[in-house]
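What follows is one structure encoded as structure tokens, with my remarks underneath.
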Amino acid sequence: MATPATRLGVEAVRANPMAPPKARYKQLLHFASRLDPLPAEFHTPEHKVEGCVSQVWVAAQLDRAANTLSWRADSDSQLTKGLAALLVVGLSGLSPQETVQISPDFITSLGFQQALTPSRNNGFLNMFRLMQRKALDLCLLQGGKAGASPGHGPGAATTGAAAGEEAAGPGRPRGGGEAAPQPGDAAAEPSASEQQHMGPVAASMRRKLQDAFQPLRLELVDESGKHAHHAGVRSMGKAGQKGETHFALSIVSPRFQGLSTLKRHRLVYASLAEELAGSVHALQMNTQTPEEAGVV
Amino acid sequence: MATPATRLGVEAVRANPMAPPKARYKQLLHFASRLDPLPAEFHTPEHKVEGCVSQVWVAAQLDRAANTLSWRADSDSQLTKGLAALLVVGLSGLSPQETVQISPDFITSLGFQQALTPSRNNGFLNMFRLMQRKALDLCLLQGGKAGASPGHGPGAATTGAAAGEEAAGPGRPRGGGEAAPQPGDAAAEPSASEQQHMGPVAASMRRKLQDAFQPLRLELVDESGKHAHHAGVRSMGKAGQKGETHFALSIVSPRFQGLSTLKRHRLVYASLAEELAGSVHALQMNTQTPEEAGVV
Amino acid sequence: ARQASSAPPSLQSQQASGELWRRDFPILDQSVHGHRLVYLDNGATSQKPETVIRALDDYYRSYNSNVHRGVHALSARATAAYESAREKVAAFVGAASSREIVFTRNASEAINLVAQTWGTATLRPGDEILLSVAEHHSNLVPWQMVAQRTGAVLRHVPLTKDTEELDMAAFHDLLSPRTRLVALVHVSNMLGCIAPAAEICEAAHAVGARVLLDCCQSVPNMPVDVGRLGADWIVASAHKMYELLESMPPWMGGGEMIQDVFLDRSTYAAPPSRFEAGTPAIAEAIGLGAACDYLTTLGMHRVDAYERELGAHLHEQLQAVPGVRIYGPGPEEGVGRAALASFNVDGIHPTDISTILDQSGVAVRSGHMCTQPLHRELGISASVRAAPYLYNTKHEVDVFVEALKEAISFFTM
Amino acid sequence: ARQASSAPPSLQSQQASGELWRRDFPILDQSVHGHRLVYLDNGATSQKPETVIRALDDYYRSYNSNVHRGVHALSARATAAYESAREKVAAFVGAASSREIVFTRNASEAINLVAQTWGTATLRPGDEILLSVAEHHSNLVPWQMVAQRTGAVLRHVPLTKDTEELDMAAFHDLLSPRTRLVALVHVSNMLGCIAPAAEICEAAHAVGARVLLDCCQSVPNMPVDVGRLGADWIVASAHKMYELLESMPPWMGGGEMIQDVFLDRSTYAAPPSRFEAGTPAIAEAIGLGAACDYLTTLGMHRVDAYERELGAHLHEQLQAVPGVRIYGPGPEEGVGRAALASFNVDGIHPTDISTILDQSGVAVRSGHMCTQPLHRELGISASVRAAPYLYNTKHEVDVFVEALKEAISFFTM
């Protein structure tokens, strides 16, 4: 697989790190001008990159036959649009699986960061993160029987992909100005059961779930104590003396919207793949959307 | 009348401003050693000076025949006791009326301030303020028929004054360790009627009432509008175009404890003497102790 | 330009003022991206003169110590300097007493303090809080929180369609006996418009409402006299009125704000200590005192006159650039405007403008300037703001305008 | 004295450390009342090394600007320095991420933040908060306020009668499933005793309680690792753990803490921004970062070892003075003690002692050190505290003890 850095080689070479910043900005304008337009229907919260100094939208289309993603993006800032163009060029043509495995470090290899202020760099990173999250969604859905296609996005036919599936997070509210619930809208109060001290495995799981689902409520209870009679488990290498083996998870996230329970569980399993391959051998799950949990 | 500065002349001369601070401290120890003892019964909240780095108590006794006050004081700090001794020597022998008229500026004339830290200086000033407040109480009670004497203080007989009346605020709880309610214990919420904009006279009245009574609640409503038909009043010099002539006052203060309504009103009138001599020609009053108002 | 009220220097000497004054600001003497720095982001943070920097340095080198509580020499010196700063600030804003001055961390905290003490204790369901669409987030969010908690209702004064100032006719319409608080920005950090403070305070007090004025953009730029404004609280990094403070319950617990602490209860000290929990920002207070000294020496009337001159020049030059749209009233409209100018250029994102201006050494602000609702009101998502201060010159304004023209051609060429 | 765990220098070289280190602190090179300053009031405020003073000065002279929001060069530099300070602080206390660090105005504000957000949202009537009689007012008053509001109940761990440390037997007795929070001082600012943090956290978590540790006197003096302590929040000028921060509602409104603001409602940013309303203390954060650098270069294990050596010397010399009573455990008792020593002298008021010590150039603290309940517990109204820091020397301790003897004869002669 060609790394994004290689793919972006052409651009990166042109983006000579010795060039004065103003010349780099001129390049960004050039990239922006070559970017395929993203129709206005895609200027919706589900495609919007948070935490940018300007407005940025990104959308993916999956070519099922080739298992490759093609990206489009837009911004009301020309310079930001140039940055988005770099990512679009660099990431289009990769499979969802390849996309999620790229380390954000590659952004530094583009050599643009020195010319950017902290806020623009941050926006650049946020664009990349949203693209990865969209790829992850597709990735996980592919993992199982994808079931009924959740329907084509408004622009699905326009890019000519064989079997286009608009990949901006299955089942999220489409179009319109309706704002998706933002993380931080409601803050979950830790429940009594969750107040227990966490072991390192639980802490790691919590962090990953937090990052992947930006949940409005997240309760993760280590129930290994209840299963302490599994003597074999206790001595099992990684689980170690902490014996973090059994967990109960209750999570509320807008990312579950429109997904079946099976798909939701698959998303959770995927995000905790490392722990489930390691010490954790039982995870009881309760997954809800904010509406189902009555928190919006 | 001999000014306190003159009275303290002997001490002030000895407190040579050119002497190094340590020599001044030695003088304070000397003053402290000459101070008449204040019996432990007087070590109560009513005699205690607030805002000192150490504990200080002051008590007054009134010689009715001569109309002079004699003071006693004590402190658990020797240096503070020396400062208290300066005030005791300086203020004993003055009438209550003379005492209340002394400006705090005289403290600077004692030449001790350079040797003192801000906190000690502040404590010094607070001692003086408490002494003036005690003198004011006596002063105001003298002004009217003092009625039944509120009883002799525990140490009244010991100093040999002709008709000793312990002057630490009439009717305040005596002895014991019972703490008097502190200003700031409860904070009064400004009422709707009091929320109106205040004129300069009202502001000045408020400030004086605040200082004199440290009230837990203070509502001062300018009702001059209701009396606007008093055309004569409106044009009366001092009242000016603001026409601040009629006020309604509701005040809750621990300083009213044990006082008849008449005495309370006299205290208020005394503190607002200037305004009542000027533009204000009607003051309706409601005076309560915290217990009566149900706020403790 | 409006003349200063007391012995205004001639325009010539005013023009010289900026050149003279800027020498007191060491930070200005630097290059950015190969160009001499033109700092026009004073609405966000202004620079510190040499005397203020030295006051801070001197504090840490000579008498750094905790205040109020110590009895040793260093502590005495720090306490005296800290409290003398309070006196200086009181004199600077014309407060009746230094006890009216509370040092908070920033203006946001000051407004939160009023909202969470006076607001929570006073407001009842149905009571109205009158704000405007031009408020800084710091003067919106605290009231949203307190409204949610108490059931009070928020009302917002709109802008006039033509001059984009506070619509005073609408203000008077919205004001009613239900209004318990009017909280408005004195000088808008985006529009530059100046609110008629006296008219607002008089009308509000007539219906029994309290007035809080957000003076962050006025206190450093023009003479502000708390007594003449007539507001109940003013907020400008840290200033509020005293009378009301007495009746406000404490907010944060700890440190200097207590009188007596028992294991289960405490009694509280009188203001301003009641509202200054913990070790305060001593060096910063002392620096603020030095800043007041500096401005007082220059004379706020001279500063105001010079800034108006500079602001008029900025407005005039900026308006002449094709495609530029400046928000807020013109310098000759209504009460006039502060020296700052927020604007947009047709078809170019404000952040792109500020990025390219930075390449020419010109520092301006772009974004929503913490006034998202105002930007929504104006139908835009962001803008550019050039905010000169006393140390900027007409020449720098010209440099900025030239750089702006270059930036525009950079994007449109 | 306990040895540092990693490559401890010999006692000789440790002794030299103070002499060497003190050269980095310009303020120490001065005379007070004709005597060379001996600054022993470090429990209140410690002095700043040259590098920290220069970092502040450099900030104001070179890149003073508002953080996060600007796109120009100065703002970028200020933002980078501000956030890098957060990184440095995170590394210094062993936090898992810089997002766990919230900069507050002071430790009082930090505890108030936890009390008024987590406390108000979580505590129910009958829930118990476990404090100790040795807490600083800042760790008492906020909980009193929140208990009053929520109906939670305060409990207090007493001291052992003999060694005057936290009575751990009583701690375990008081802990119950009703306990929702344990908030204790890590190193007492008056007794110098060190709380067994790991034991406390383990026991508290076992009953489902959260733990807040007041580390104001430990973080600057000994290696503190948040992960190893196991507390949910630590407070030390400004440090807390991140996970919980996510679930805490916002506190003060305004500035950087928002995500989107509408006229009637707002959404809030993620921590730490959520809790940093308004323009932060940028220079101070940068200075704190420089301080972390400085201490890291010295090595906290060396600092700790040197301070223990110094503290033992202080305790020994002080104990030998007739009529002196030192509070708290001895250096060899229990977990040991911090370098500070609070004491009283028979028949002389602590403030009188400190006043006369000041005349000899020795700066100590006297009063109740914001621990009135603890003083009541010990049956005293005030005490004197000598708190040496890394730049003090054994010689200075001797100067102090000599000056104390002179002060005693001043009053008793």
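Going in written order, the chains are labelled A, B, C and D, and every chain counts its residues from 1.
Simple rule for what comes next: a residue touches a chain if its C-beta (ideal position, glycine included) is under 8 Å from a C-beta of that chain, and two chains touch if they have at least 3 such contacts.
These figures come from a predicted structure and were not determined experimentally.
Q: Suppose you hop from subunit B to any chain it touches, then on again the same way; how many hops at least until you reach subunit D?
A: 1
Q: Can you tell me which pair among A-C, A-D or B-D shares over half of its residue-numbered contact pairs with B-C?
A: Among A-C, A-D or B-D, the interface that shares over half of its contact pairs with B-C is A-D.
Q: Using mean CA coordinates as chain centres, what's the gap between subunit A and subunit B in Å?
A: 70
Q: Quick one: report the Å distance separating subunit C from subunit D, using the average Cα coordinate of each chain.
A: Taking the average C-alpha coordinate of subunit C and of subunit D, the gap between them is 33 Å.
Q: From the mean C-alpha coordinate of subunit A to that of subunit D, what's the distance rounded to whole Å?
A: So the centroids are 40 Å from each other.
Q: Provide the list of subunit B residues touching at least two other chains, using ranges where the numbers run on.
A: 53, 117, 120
Q: Please set out, as single numbers or ranges, the residues of subunit D touching at least two other chains.
A: Expected reply: 33, 69-73, 75, 260, 351, 355, 358, 366-367.
Q: Quick one: label the inter-chain contact graph as line, ring, star, complete or other.
A: Topology of touching chains reads as other, fitting no named class.
Q: Let me know each pair of chains that touch one another.
A: Pairs flagged as touching, ordered by label: A-C, A-D, B-C, B-D, C-D.
Q: With touch defined as at the start, can you tell me which subunit B residues reach subunit D in the complex?
A: The touching residues are 21-22, 25-26, 29, 53-55, 75-80, 117, 120.
Q: Which residues of subunit C touch subunit B in their complex?
A: The touching residues are 68-73, 75-76, 79-80, 83, 121-122, 180, 201-202, 205-206, 208-210, 230, 243-244, 246-250, 259-260, 267-270, 274.
Q: Under the definition above, what is the set of subunit C residues touching subunit D in their complex?
A: 26-27, 30, 32-33, 37, 39, 41, 44-45, 47-48, 52-53, 56-57, 60-66, 69-75, 105-109, 111-112, 115-116, 131, 133, 136-145, 154, 156, 250, 252-255, 257-258, 260-266, 277-281, 284, 351, 354-355, 357-358, 362-367, 370, 372-373, 376
Q: Which residues of subunit B touch subunit C in their complex?
A: My answer: residues 50, 53, 117-120, 182-185, 187-190, 192-193, 195-197, 203, 206-207, 210, 218.
Q: Using the touch definition up top, name the residues of subunit D that touch subunit B in the complex.
A: Answer in residue numbers: 33, 348-349, 351-352, 355-356, 358-359, 366-367, 381-382, 410-411.
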